[in-house]
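One chain, chain A, appears in both complexes that follow, with chain B as partner in the first and chain C in the second.
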Partner chain A sequence: MKKSILPRGGAKGIVSIGALVVIFILTVFAPWFAPVDPYSQSLQDILIPPLSHYGNDGGISLLGTDQLGRDVLSRLLYGGRLSLWISIIAVFVSGVLGSAIGIIAGYFGGKVDALLMRLADIQMSIPSMLLAIVMVAVLGSGLTNIVIVLAVTGWVTFARVVRSQVLSLKEMEYVEAARAMGVPHATVMIRHILPNTWFTIATQAALQMSHMILLAAALSFLGLGIEVSTPTWGGMVNDGKSYIDSAWWLSTLPGLAIAFVILSINLFGDWLRDRSEAR
Partner chain B sequence: MKRYVLKRLGQALLAVIGAATIVFFIIRLSGDPARLMLPPEASEDQVTALRQSLGFDRPVWMQYIDYLKNLVTGDLGNSLYYKDSALKMVLERMPATIDLAVFAIIIAVAVGLLVGILSAYYKNSIIDYLLNGWIFLTQSLPVFWIGIVLILIFAVNLHWLPTSGNRGLESIILPALTLAAYPIAPIARTMRASLIEVMEQGYMVTSQAQGFSKRRRIFKRGLKNALLPVVTVISLEFGVMIAGAVVTETIFSWPGVGQLIIQAVSNRDFPLVQASILVVSILYITLTLVTDLIYHRIDPRIKVR
Partner chain C sequence: MSEPVLEVEGLRKVYPTRSGKDFTAVDGVSLFLGKGETLGIVGESGSGKTTVAKMIAGMIPTTEGQMRLNGKTLDRASRPREDKRNVQYIFQDPVSSLNPRLKVRDLIAEPLKLYFKLSGKDIDTRVDQLLNDVGLPLEYRSRYPKELSGGQCQRVGIARALAAEPSIIVCDEPTSALDMTIQSQILELLKALQRSKGVSYLFIAHGLEVIYSISHRVMVMKEGVVVEEGETADIFHRPQHMYTQSLIGAIPKIDIPQFTD
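Entry: the complex of A and B
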């Protein structure tokens, strides 16, 4: 029985889902919450620390401004929206791709299985960070390419987990019965096997989500993400790095935002896993 | 045993060829690798010249065969930017990366084992919960953020350690701590789980009945038997670390392979990018292979998948 000071049992679910809902609302409705335009620069308000006055009307900047006088809070919210979108789409694409491959490999077994799983092994022999870097370098940066790169690095995990579950599912009597009645393979896979792997896929998606956010952030941190002026969390940490001796908030705050999101997602994933083990 | 080793060696060789193939085709994904390797303002003549000199105008399958042939002889092409052997450049940078990874793995193993043993020893107590929470937290922090916060605290504010570069022992401390932060969690978790499992084994219960103290039982008998799975995790994490050093090396301007890759990417020096990734992947595959072989030698029940 795994225990920690973190909320346990149902509380773990409530806390993590609550945090995720808050993050979701704050970032999806970023234009409502952001105090100013995240792109608007102001030369007289450069590098203002958090909680101090700025502008001509003497308003308070909650999280300070950056080297171009842009509001950090606004950029954080917009950046969060982008970072989360990228990861959600990437998890979705790699989840669909990986689960399909996993079901096909597990269901048919034999040579198909050997071929697909060997392919997965081979891809895993290149560390995913390096694979992502070289792919972005060749394809170029930009939203679609980042999503493609993340999805390509992520499918293997889904395929492996789903495959191992399908291996046991296909031995079930109802699957054999369906086959005996002449139900085609595709229908058996979609109607009888897929519904029983939902829980596994969902748990894996939650775990992959935090990987994707970290990988996407690392890519933008290395300057390989979206265009530089677009706010992303990794990019903000990178921008702030040059001002680390004078403006601590530029790098640390976006990093904290990433950490908070990852923590919430990991907690949620943990809760899902506990539930699947309890079943 | 012999059959296992041969089969496992074959798999590793296949993985190396597979990795080389993936890198080969990724470089050609854009359709025109010569254009990719030149700055946007390069003229059409320059592109044609490069295409011919690197052989991109030949059929892809011919390029692929030659690429594999050259790979066998250790020829990974020349860096476009430095006009020097790409393999030589990567190997020159390798020691710095290995130094960093070795330092980091020592830190991660020391902290990870300590945390794992403590939380197994004080299982389900407040100490166990606190350590568990801390481990959970470290897995949520982005590596580059940890690096920057360490710089902020120890270099900018306290002036204890340098922010970057490779000037002796004190400049390796911050990058090593950054790189060590992540693998602490898997090491600690495996240590805890393995030790708890061993403690419940029959022979451990017997030694309890014989009146040995808990501490004596853990250190004299438990640890020895619990370490095997931990050793596997450590050696796998070491491989991951060498690859993950890209980010850490960039933060601290550490002159290793990771920094070389990022520089090569920004110079569009793809032969160098390709060589670096291949060398790191081969190292990674070899580490996994050695781990499996050692594991098999200690515990021959493990079968090839």
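Entry: the complex of A and C
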């Protein structure tokens, strides 16, 4: 079992895990890497392009400054921390919720299954962006609410994927054996079915992660995210869009950061899926 | 004749089909099983033998019929845990009948935890005893099923069934997925366990060659009905029904070529 943790299956795994580790370290330890305080404004230094000198002391700003003279690199690192944190919690909550619903629906079948899956169908028919906007409008913005909104939009995918796997696992002889022995339903689900869906859930979580980052960024971009001064990648793209003619780096750099993270996560998810199919 | 452990009367299983015409998989099967006895059920695929086995094990509900276990009538809809404990099942495919994510120890411990309220230490002792009973080395405790061969997996399956201390073990073609030498080892193990524990077997097989060495009595099924039943020796020496005769004729005979030097 230990061997399976190593990135086998070539460059895809090594590159994606490497990239994710770098992103993780850079953002989690943002205070160590950020050159200046992301909130400190300096009106002499507004809209300095990347790799240029500050006006006053002659130091170099690596990725430039924004319209309030805040350092873009520092905001990018702090913003990444928040964006990633939100999506990780959202994926976790929706993963737990969705997997539980998927297992229950698949295991019991019949009316329970029909009810839960119709619920999922109803939600699938509403675009997730629209649902998120409506929910933020009703609940109000703020960190907790954003996580709730993202989790609610994400559970359906988990539920469907897990359910379809449970349908085939349910027919396995070891599940039949456990049921014939009289093992209680909850134990059968937790002990015999759940551990055999881990790979599916993990793969799905990786793929959902990128979706969540994008959705969170989109909400911030629309001004429905967390309060404006807090750096988030989506919020930074939004802030920079008025200056796109004169200061390209304001929107472009956080956009690139989002793209890079999503690419890495998708690559990782892809690799996980390859591995799970190879088993 | 020893006292009956299991008496089955008029067992029927009907599956509704889309065309509206119901399919009768098992029709009016009656049987009894004595203590420490083995009843072999033989028949081709689709003869309903597995359906009978699964109904007796309580894995699928019966359409009609009565079952008495140790003199007590079994409820058709739901079976209390104590009755489930008394009828255990050994599957055809030993590998897929074991959860790949559980170690051998946990696989065998499952019925122990379920049926007997044992402490952790007692469970370990019982697991070791059972591994010993089925002839597996004790260090296999911490292995996963995929690290075991098919025959070893089947031994784990037998240990799991024995752990419940049942009156009856339903063996659903337990050797058909194994190769010849392993088959006879498993059959010998089952016979030895029967002698030491006094458990009764309901032994399902599609051919008579497996049944011959283990069964005291044989029941031949075809298309959901019992066509012939009797002592093993009688069935083999004086088969009455055409179908039984063809089954006996189908037992592969080998002619060892004569080598002259």
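Criterion: the second predicted complex is superposed on the first by the 269 of 279 C-alpha atoms of A that agree within 3 Å, B and C clash if a C-alpha of one lies under 4 Å from a C-alpha of the other, contacts with A are read in each partner's own complex, and residues count from 1 in each chain.
Here is the rule we go by: a residue touches a chain if its C-beta (ideal position, glycine included) is under 8 Å from a C-beta of that chain, and two chains touch if they have at least 3 such contacts.
What you are looking at is a predicted structure, and each value in this text was computed from that prediction instead of being measured.
Chemist: Of the partners chain B and chain C, which touch A:Ile262 in the superposed model: first, second, both, neither?
Modeler: Touch partner of A:Ile262: chain B, not chain C.
Chemist: After lining up the shared chain so the two structures overlap, which partner does A:Ser125 touch, if you call chain B first and chain C second: first, second, both or neither?
Modeler: first
Chemist: Does chain A have more residues touched by chain B or by chain C?
Modeler: Of chain B and chain C, more residues of chain A lie in contact with B.
Chemist: Should A:Ser251 be classified as contacting the first partner (chain B), the second (chain C), both, or neither?
Modeler: A:Ser251 contacts chain B only, not chain C.
Chemist: Would you check which partner chain A:Asn196 touches, where first means chain B only, second means chain C only, and both and neither mean what they say?
Modeler: second
Chemist: On the A-aligned overlay, A:Glu173 touches which partner chain: chain B = first, chain C = second, or both, or neither?
Modeler: second
Chemist: Just checking: does A:Val134 make contact with chain B only, chain C only, both, or neither of them? Give me first, second, both or neither.
Modeler: A:Val134 contacts chain B only, not chain C.
Chemist: State which residues of chain A lie in both footprints, the one left by chain B and the one left by chain C.
Modeler: 1
Chemist: Which residues, counting only chain B, touch chain A once they are in their complex?
Modeler: The contact residues of chain B facing chain A are 11, 14-16, 18-19, 21-23, 26-27, 29-30, 36, 124, 128-130, 132-133, 136-137, 139-145, 148-149, 151-152, 156, 163, 239-240, 243-244, 246-247, 250-251, 261-262, 265-266, 270, 273-274, 277, 280-281, 284-285, 288.
Chemist: Contact residues on chain A for chain C in the complex?
Modeler: Spelled out, the residues of chain A in touch with chain C are 1, 172-174, 176-183, 191-192, 195-196.
Chemist: What does chain C use to touch chain A in their complex?
Modeler: 57-59, 79, 81, 84-85, 88-89, 91, 93, 96-102, 110-111, 114, 144, 160, 164
Chemist: Provide the residue numbers of chain A that touch chain B in the complex, in ascending order.
Modeler: 1-6, 118, 121-123, 125-127, 129-131, 133-135, 137-140, 210, 214, 217-218, 221-224, 234, 237-238, 240-241, 244-245, 248, 251-252, 255-256, 258-259, 262-263, 266-267
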